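Per-chain residue numbering starts at 1, and chain names A, B and C are given in the order in which the chains are listed.
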Amino acid sequence: MLEVQNLVVKYGAVQAVKGNSFAVREGEIVSILGANGAGKSSTLFGVAGMIDTRGKLFSKDVVEGKIVFQGQDISDYSNSKRVKMGLILCPEGRRNFPELTIKENLKMGAYCRGDFNKKIDFVYSLFPRLKERQIQLANSLSGGEQQMLAIGRSLMSDPVMLMLDEPSLGLSPVLIDEVFAVLVKLKEKGIPILLVEQNAIRSLKISDRAYILETGKIVHEDKAQTILNDEKLKKAYLGL
Amino acid sequence: MLLIIQGILSGIPAGVTYGLMGFSIALIFRTTGVMNFAIGHCGMMGVFFGWMILGFTNSLPLAILSGVVFGWILGVVIERFLMRPINNMSHGGMLIITLGLLFIFTDAAMLIWGTEAYPFPEIYAGAPLIFNTSAQPIIISANDVALTIVGLVLSVILALILGYTKIGIASRARAQDVIGARVVGINTDRIDMIAWSAGIAIAVIVGFLVAPKESVQPNMLLNLLIFGLVACVLGGFGSPFGAIAGGLVLGVLEKVATVFVPVDYRLAIILFIVIAVLVLKPSGIFAKHVKTRA
Amino acid sequence: MKNVIKAAILAIVVGFVFMDKPFVLLVFSTIAIMSIAALGLNILSGYAGVVSIGHAAFMLIGAYTSAMMSIHLHTPFAVNVITGAILSAIFSLVFGVPALRLAGFYLAIATLAMMEALVQFTYASEFLGAAQGIKNIPRLFQSELAVYALNAAALIGISYLINLMIKSPVGVKFKMLRDSEMASSAYGVNVSVTKIQAFVVSAVLCSIAGSLYAHTIGYIGPEDFGLFPSVMLLAMILIGGMATVSGGVIGAAIITGLPFFFSRGKIPMSLIVGVALIFFVLFSPAGLVYRISVIYGKYLQRPYIWLIRVILKMLKPTGKFVTVNGVKMHYVEHGEGQPVIMIHGNLAHHKWYQKVWDLQGYKTYAIDLPNHMWSEWTESVSIEKYADFVKGFMAELGISKAIIVGHSLGGAVAMNLAVKYPDAVDKLVLLAAGPPTGIQSAPERYPVYERLKTDKNMLKMFMKAVAPGLKDMLLMDKLVNYVFLQNPMVYIAHADEVGKFNITNIKSQYKNPYIFLLGDKDIAISKNMAEATLAYLGSNGKLIMHEGIGHALIMENPELFKKEFYAFANQSI
């Protein structure tokens, strides 16, 4: 489904991702684990084409490497083109549009791809609370609802593959359960997921495989179950 | 009392032009983060182009249309070849770049079209409307009425575009969260380009509206730039429609003020009020909550 | 002070050359006046980082105050200037205290509105001459030369004072503010007070310029101080150079002077200014002064440095040569007695020990490490290899045991020698030695090292910073000249090597006594680094701190070094 070779992301002199290769296959949930600042978000940004340096004279950011999605080399594609192919990122910190209504936010989810009328019912069925409040501004929502809106907005794009960055950050345990339940549901629907999480145990439990990232470099790759059962690994890399 | 009513009535047409100018400044600023001090001169270039077409064809609609198209293309060029390459520059740098553009356009216009002030026809040259009251008649020029109608219709159209079309919502989305906009696949560069083009096209329209009064000359929109900025200060830079409201307030205030203060000092006084507003409430008098100043 | 004299001479020369061309003198007067105003704006925008697009407003205050007072009250010029400056200061306080809380574009708009308000007020006021302005302002002198002299003197005097201010704690605060508001407030700089200080100083300077303008030109109108002049001021400092005193002068000369050259051409001035503004922001935000200094440093000094090298090579080495590991090493020896080996540091050579190599009762060998001065070059450098060279040097001369003195990089070499060959080192004197774990150079330092190759001024500045106590500039010059004899590769290679260097993986076997001498003004080696060395070498030594000494005790206070040396070396173990 997704294959990444030698991905490098640099912000000026800072090399956030140092030449990593990884893959996500059909129907898989794959986790990327690691400490703060290990380069997890930058990895997702690189794959999603968020770092756009074309035509920018003084930009010192660099993205290198080969990204193949559904058999197509998308390394040179813009963010819009990648979204149109169904490679969707749900970014860290939700990144909703605070002064648009919830419905407008969802409409923006279907900006490039996905049929608004078809998808909206599915999203509302997953998150009924969004339906109740659809004409309110997004900044009136609570943290948990904001996260649901962010995931809902990603689903509006009818993802072929979904990347989530810290979906459980700042949520109560009940809400975390709810979010992870949704992820499992999506997997059952056949949408592969690339998941970045601080909450390593939770994400390993629903993942098939995991990569461990340390200061920008993948240092370990294994089945999620193996990592969960290996105390040494957990201690060495995840501080658990 | 009648003087005040007369002041309000003659302030509205002026206020509409200030407001539209403010709208175009706020549109570009809100979307791209650049305060365009050259907006008046960008508009002036479009007006000159339209004026040239008017000379060839003698058709006012064609002249206005070509001027607006010229402004749109100018926006594309500025965004693509000047602003996009430097989009990570500091505020100070951006400010100086747009000031540089202002200088360049002034002299480019002088080189191409000369330093004379050319007359420009009114969009509607009918007899003025006169309301007879007991004391003193209230006079409104027909062009002012036409101007107000054009301005208000344009505002409504812009409101509809920004509020309900996909591209309009996308531009608001881009203004509110760039990363959010990019993850849903919005091409932020294109949105920026549209904001620049639309902003300059609006400035060109403002230029055509005031051309009969100010004549067509290189600095015809310099005062309107200042009034547009003031409208933004009053209405808040964050919202283009706040700028239109701010413009209307400014226009009315300017005319009504002449009832109370010597006419020559009204501008100085208004500007001091503006500084006070800016200092006390940088988000504008209509904004509900104070945003960060940045 | 030296610059003041240079500027004064230049001004006098210009005055005499154009003595009978009043028009040219008037142009130079105008340039001087605009330079003062640009200097004022530079304080605010260049040093303190606050962009204003309305600073001509303060020129307006100064100009109109002066004009009104001299016409109606017949007060002397000095009174006019001072009154204008006071009014400007008051106005800048009234405006600045609330407005400087704004940031970025908002502040720019506030300054624009302030300027426009004043201009509109002037337009509206009959008593200020309204749109017609004020004519026939009394001139200060009949002779254009005298007027020019006054303006030039004002510029030079003010530049001198501002230069003093920039170097004072206040100026440092300005610069901190520009670099980062957050960081400067963390360092205890009161951000709003500092901004207002910069604003008031800049307003006063612009006001003085305005007063001079009124009396020099004799006619003022509101349009002289509107948006265009304000932006021109901004353009001057941008083109000349932000945050330099001379930048404003160059910018003012270009922008005020150019129109006179282009007056016959067709291209209008503001087109050029507009293009220049964009060009400089994009490609050379540091301005012309910086460009020129870079070009001078990078290219124009090359022939000079080549000449230095040629001349020095014709001199005869003063010492003797010995071949160590196939490399000819140069050294000088002094005195008789117990052997002392003296190892110099980076960007140095044996002459660094010239003030201390006469030591009673000792035979000193001051060596040139390979790649330095008269010694031959090697293909690669490493501190460990240098230590081997020193050991080889001792073997060649039949010295089995010596007191080793090492300075800076040479200190690291000496330490390496002591650790690797503990039996060869009788006693160890470390002078501001590099720490056992090396010092990493920040990547942005490398272009500076690269420039040292061809830029004598920069090398001198470097030396001055390293050895603040060395006041003998002739000696400094000599020391710097000899550096150009060294292998050009080592400028970078030493930085690399010092960054990589780490001997903590070898356990120190050195048991003999040692001392570490460090000045408290040392910018290269900190007390922490010295303590790391002590922790590594063990308890048989001590750290001796000297007050008021930089990185080069042997140059800054040789007698103190000798005192410490005798005290340490003469004591029996």
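Please note the rule applied: a residue touches a chain if its C-beta (ideal position, glycine included) is under 8 Å from a C-beta of that chain, and two chains touch if they have at least 3 such contacts.
Not measured: the values here are computed from a predicted model.
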| item | value |
| --- | --- |
| Contact-richer chain pair (by C-beta pairs counted) among B-C and A-B | B-C |
| Most centrally placed chain, judged by C-alpha centres | C |
| Subunit B and subunit C: spacing of chain centres that average the CA atoms, whole Å | 46 |
| Distance between the centres, which are taken as Cα means, of subunit B and subunit A, whole angstrom | 41 |
| Sites on subunit B at which at least two other chains make contact | 86, 89 |
| Two or more partner chains touched - positions in subunit C | 282 |
| Touching two or more other chains - residue numbers and ranges from subunit A | 57 |
| For the subunit C and subunit B complex, residues of the former touching the latter | 45, 49, 51, 53, 95, 98-99, 101-106, 108-110, 112-114, 116-118, 120-121, 123-125, 130, 227, 231, 234, 238, 266-271, 273-278, 281-282, 285 |
| Residue ranges of subunit A in contact with subunit B within the complex | 48, 50, 52, 55-59, 78-80, 82-84, 88-91, 94-100, 104, 107-109, 111-113, 153-154, 157 |
| Touching residues on subunit B, where the partner in the complex is subunit A | 80, 84-89, 166, 169-170, 172-173, 176-177, 179-189 |
| For the subunit B and subunit C complex, residues of the former touching the latter | 29, 35, 37, 82, 86, 89, 91-93, 95-97, 99-108, 110-111, 222, 226, 229-230, 233, 237, 262, 264-265, 267-268, 271-272, 274-275, 278-279, 282, 293-294 |
